[in-house]
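Both complexes below contain chain A, partnered by chain B and then by chain C.
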Partner chain A sequence: MDNNLKNNWRIGVLLLPGLVILGVFTFYPIIKMIVMSFFDWKIGYKQTSSFVGLRNYIDVFSDPIAKTALVNTLYYAVITVPGQIVLGLFVAVLINGIKKFSVTFRLFYYLPVITSWVVVALLFRYIFSNQGLLNYMLTDILKCTDEPIGWLSHRWTALTATTILGIWKGIGWNMVVFLAALQAVPIEYYDAASMDGCGAVKQFFYITLPNIKGSILFALVMLFIGAFNTYTPIMVITGGNPAHQTEVVLTWMYYQTFSAVGKMGYASALSVIVAIIVAIISVVLFKFIKPDNEI
Partner chain B sequence: MNKYKKATSFLLCIILLLVMLIGCSQQSTSSSDNQASSKQSTSNNDSQKADSKDEQVTIQFWHNYDAGAGQIDVLNQLIAQFESQNPSIKVNPVYLEWSALRSNVVAGATTGMLPDVLRGDIAFVPQFQSLNVLTEMGALPDYNTIASSILEAPNSSAKMGDKFYGIAANTNTKILFYNKKLFEEAGLSVPKTQDEMWNDAKALSKGKVIGFVEAGTGAWNIAQYIWSNGGDLLAPDYSTATGYINSDIAVATIQKLADLYKAKALTGPSLDPGALGDTDGWTAGVYAMEIDGPWRATMAKDANIDIGAAQMPAGTAGSIGVLGGEDFMMFKTSDKAHQEAAWKFIKFMVGKEAQVAMAKVGQIPVNKEALTDSATIEAMPLMPIFSEALKTARPRPVTPKWSDIDNIITTKVAEAITGQKPVKVALDEAAVEIDKLLAQK
Partner chain C sequence: MDKNSLQKSLIIRYIILALGVLFMIIPMIYMITSSLRPNSMTFSYPPQIFPKLSQLTLENYRYVLLRQNFFQYMSNTLIVAALSVLFSALAASMLGYCISRFKFWGRDFLYTVIITIMLIPGLAMLVPEFELAVTLKLVNNLWGVILFYTAWSIPFSTFLIKGYIDGIPKELDEATYMDGGTVFTIFFRIIIPMASPSIAAVSIFNFLFPFEELGWSQTILKIDSMRTLPVAITQFFQAHNRTDWGYVFAMTCLSMVPVVIIYLFLQRYFISGLSSGAIKG
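And then the complex of A and B:
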């Protein structure tokens, strides 16, 4: 009895610092944000906030630009997440198969991941701008078109440009995750399969993929959460323009809080809605891809 | 099982504790925020309070004077001069870029980390006042005496209702700048009317050249065209926008801009994220005309562009520009000693000597004596054009909701010009949204 109590006490003390940090930096902001979403939260000096119930949520649902932002974010997520996973897996499979220079290749593919978002977003802005590199190639080098194309002037082309940035930047991270998973697949499976006359492609679909399900699920959930959190690429490449057509949820939230006169309650309501959407997507992904419980 | 129960109940306790803390802080939002912010400002001024015991006060001065134009050097000289005249006051200048100035005050409003003096865009006054951070400077003892020595129109930018929340630091408005070389090559003369200007823009737009650049779509950018044609953005008493922002005059004016955008004779980085910024475009020789303030001349000089300047072309009702400029503002978070020091510094900066010194680096003075001083006239060759424009320039509405209203105008005009919605539809929507905003509280 005594021993048990002592053990539990020790466990409690060891857990305490982590719990405190988690509490202060994760739970407290989340709960406070949920509370804020029911108030007309003022960010001024010595200003009182009034309780407004569900009005912020109604404002969000009736706001056409919030809908635009949500659709844009979903578009960005639906394009970048599968794009990154497919390309990351492809690169991982290739690197897994070579014996020489694998470290060099891994380094170069991982470099984009550690570059600054702002710097690469600016670079992509210059590439896609009206007088930028892409238009230069099209009009002067390849002579495909006479006039430069306004890639960033319209909603869907601008968003697609940012998705290309997102995919390029994420391939390395996915490659690392999948390389680790690939190396955990027992070689015996492949040996047995080749003895039975199974080709490389079939081996990939019937042996590799099922065995790395856990990693794919992990990558999917992490990437979806990340895609819903994009701010920098959109802000730097288009700033949400023209006329808020390329806003994503985070840029719209920031605009509502800091450009307008502090609609913090609205932004909090939007955050809560986005959090619920991301939670639903995660639950659906978990249900859909049942990873094997065997190690 | 026992261990898991213990861990879960422990976790629940933590969450309950947090919820209670939040709940308690919720009931006394104002008082706890008060305490937090006053504690913050006390600790902020703590090091300074210790100074005041030795009668040394250090004031924080946030500004966005342009280093490129030499304004920071002049500022440092003026500060040195002020400090030698006032040995008990030290001024700590902090440069913040235009939008960072605003967002830092917004962020500082809750925490109480605010400066003692700020020199910022006159457009910030309504927003800062709605954050409840500005001192009512009009209530200071010798405010009216000082105010009588500066121009009335620029100073009215700090007036909300019948109270003054700042004092004018410098003023400006916009005139027409054009690329002389492009005009010569096209054989065009400087436009005197809006219609001439738009026709010139179309004529100049060939190859990579675009005739006109408009950097934004807010009131600062488009109000001049509407006002010059006899229209307006809001009713004179700011009670409604219907019939003004969506009047036939406004619709026709914005329609002209939309047509030019479609014909690729007009563009801007906020209309088209793929377009060059206005400074980059001028340097690259891509943009031929812009209606902009005195800083455009400074930039052109630095980039060796042969730029010409002229009065903003008149519409049917004359040439009415938008009044711009900066105001000095003081903050409620400063204690008495700092407020006194701050006011002394501001009085120095709006005095004749400081205003003339700043005039030499592109800041149009608001001090009446400084305006007619020979050194000012000599330092600003474009002064005659700006003086003429300042005679008719109108300030934007200084009403608490102005920042929100301007955001609506910016969005709707951008939608209209880029062709996302028909101009009448977009401006009607703007009128509806603005009226809804004006009707609240």
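And then the complex of A and C:
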């Protein structure tokens, strides 16, 4: 088109700011990170970095704490992602069926989503502390245990505390995503099913679920990326302790970068591995759930 | 279903939802009441969700507001939020417009790259980013946070805004060309106003980000006067031997004030922005 040709330079002008910012602060660091992962990288004046080939990758794979961090991250993902989706969808279905107070409910359920991670992580650290609210409930009110549980001083209980935080904070986000999807399902489908004598449960599995598949996929991908992005809650609640047992990949990478040793090459290799894992999971999710292009 | 059982199921819905709300807000209430109790009492056993009225005090708030640089942290965070939102909204809507409307060289590749970058956590590139920040003298400088936050938020913002622009009819573009308008006219007169719901939605998300990002900000904001709220709160917590919860919670409650105000006023954009992304997938 003639018009487009005349406008070529203008299109360039519109593209430029975004491309420059992305180029300098995203594309360049990504490429640099891949390069660094093959070097024993030194930061600072007059330091030379030597090429070490795959050494950093071998170090990552043979490092028990890297393995712990990866297992912890997966544990966090495997618990929080389905947990958030199921509970978020449950709340969305409930809210979708009521008229009065639906806005009020939405407001309350969404509140943890907008609250900063630092704030809620501190709050949960306080609640899960030895003399905290949760232990009080468990020992003195519900009488489940006699001794207060040291939630934050053992690997799996500390991680579980973090996953509870992750689910609690994420329910509202999922609720909003699924509410929008539920409202887009044509009401005639349900009417027809009712006529045929389908109960509420059957309707949910045969009508609701297939029709909101696209949103479930969207939530799955976003939440998996989010789970691998976890840094603040672990940093604030356990700091990776005890003895690095609760590290997740990003906290471990951070530690490797800025600890006294400053293993930048190692940290870069770890990041590359994480990026590849996340990419693989996302692609698999897309392939797995989207065979009939129903989005 | 007959009317009676319909009513029953409605009541059950309300009961479950109300119990859920309790689960969601009890921690929040606990935080607020803890911030109103004297520090000596925050570890008193048994813990109280609702303290006695006579015990309430504003001492913690006074301490945080008068003895700490709270207003400095808050203004730093607001500056970072405002500028990164502005830059990101501009850059992302321009990118989104061009990708949606024009077939330029490398367009599909660029869009694929932008989508792929969404998969990589910004903090994963910590090492090269830190080196870059050192080279560009962005350490202990608010610009170091603003520029990186902008770059991190552009991919998702572009993705959402582009999806929205795809749905704006092209006839309006054609009419503007007929009247002798240029790409700029279309962008500023048609695209920006019509895509404003999506731009508003991503802007709100981007605005909240500086209130919660810790990893990068704590890496490059090392001077107290430069700190944003998440860094300041974390430092404050560690500096107080991890025990003065009253002070800590007063600070966290105060830090939430702008966020909650924005949430209450712009609620519908939170919802609309998310849903457009969710349905388009």
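Definition applied: the second predicted complex is superposed on the first by the 261 of 295 C-alpha atoms of A that agree within 3 Å, B and C clash if a C-alpha of one lies under 4 Å from a C-alpha of the other, contacts with A are read in each partner's own complex, and residues count from 1 in each chain.
Note that a residue touches a chain if its C-beta (ideal position, glycine included) is under 8 Å from a C-beta of that chain, and two chains touch if they have at least 3 such contacts.
Keep in mind the model is a prediction, meaning the values are calculated, not measured.
Asker: After lining up the shared chain so the two structures overlap, which partner does A:F128 touch, if you call chain B first and chain C second: first, second, both or neither?
Answerer: Touch status of A:F128: first partner only.
Asker: Tell me the contact category for A:A158 with respect to chain B and chain C: first, second, both or neither.
Answerer: After superposition on chain A, A:A158 lies in contact with chain B alone.
Asker: Have a look at where A:Q245 lands relative to chain B and chain C in the superposition and call it first, second, both or neither.
Answerer: Once the two structures are laid over each other on A, A:Q245 reaches chain B alone.
Asker: What is the contact status of A:A192 with respect to chain B (first) and chain C (second): first, second, both, or neither?
Answerer: neither
Asker: Just checking: does A:L14 make contact with chain B only, chain C only, both, or neither of them? Give me first, second, both or neither.
Answerer: Second partner only, chain C.
Asker: Counting residues of chain A touched by each partner, does chain B or chain C come out ahead?
Answerer: C
Asker: Now for A:L217: first (chain B), second (chain C), both, or neither, which partner does it touch?
Answerer: In the superposition, A:L217 contacts chain C only.
Asker: After the superposition on A, what does A:F228 contact: first (chain B), second (chain C), both or neither?
Answerer: It touches chain C, and chain B stays clear.
Asker: Which partner chains sit in contact with A:S259 here, chain B, chain C, both or neither? Use first/second/both/neither.
Answerer: In the superposition, A:S259 contacts chain B only.
Asker: With both complexes superposed on chain A, which partner does A:V86 reach: first (chain B), second (chain C), both or neither?
Answerer: neither
Asker: Per the definitions at the top, what is the overlap between the chain A residues touching chain B and those touching chain C?
Answerer: Shared contact residues on chain A (touching chain B in one complex, chain C in the other): 4, 11, 15, 19, 27-28, 32, 43, 131-132, 258.
Asker: Applying the document's contact rule, which stretches of chain A touch chain C when the two form their complex?
Answerer: Contact set of chain A toward chain C: 3-4, 6-7, 10-11, 14-15, 17-19, 21-22, 24-30, 32-33, 36, 41, 43, 91, 94-95, 97-98, 101, 105-112, 114-120, 122-124, 126-127, 131-133, 136, 140, 168, 171-173, 176-177, 179-181, 184, 200, 214-215, 217-219, 225, 228-229, 231-232, 235-236, 250, 253-254, 257-258, 264, 267-268, 271, 274-275, 278-279, 282, 295.
Asker: Can you list the chain B residues touching chain A in their complex?
Answerer: These residues of chain B touch chain A: 2-3, 6-7, 10-11, 14-15, 18-19, 21-22, 26, 29-30, 33-34, 37, 103, 106, 109-110, 112, 114, 127, 130-133, 208, 269-276, 284, 286, 332-333, 401, 403-404, 407, 411-412, 414-415, 418, 420.
Asker: What part of chain C is in contact with chain A in the complex they form?
Answerer: 9-10, 13-14, 16-17, 20-21, 23-25, 27-28, 30-31, 34, 43, 45-47, 49, 87, 90-92, 94-95, 97-98, 102, 104, 113-114, 116-121, 123-132, 134, 147-148, 150-152, 154-155, 158, 177, 182-184, 187, 208, 211-215, 219, 229-230, 233-234, 237, 245, 248-249, 252, 255-256, 259-260, 263, 267, 270-271, 274-275, 277-281
Asker: Under the stated contact criterion, what part of chain A meets chain B in this complex?
Answerer: 4, 8, 11-12, 15, 19-20, 23, 27-28, 31-32, 35, 43-49, 65, 125, 128-132, 150-153, 158, 237-239, 241-246, 258-262
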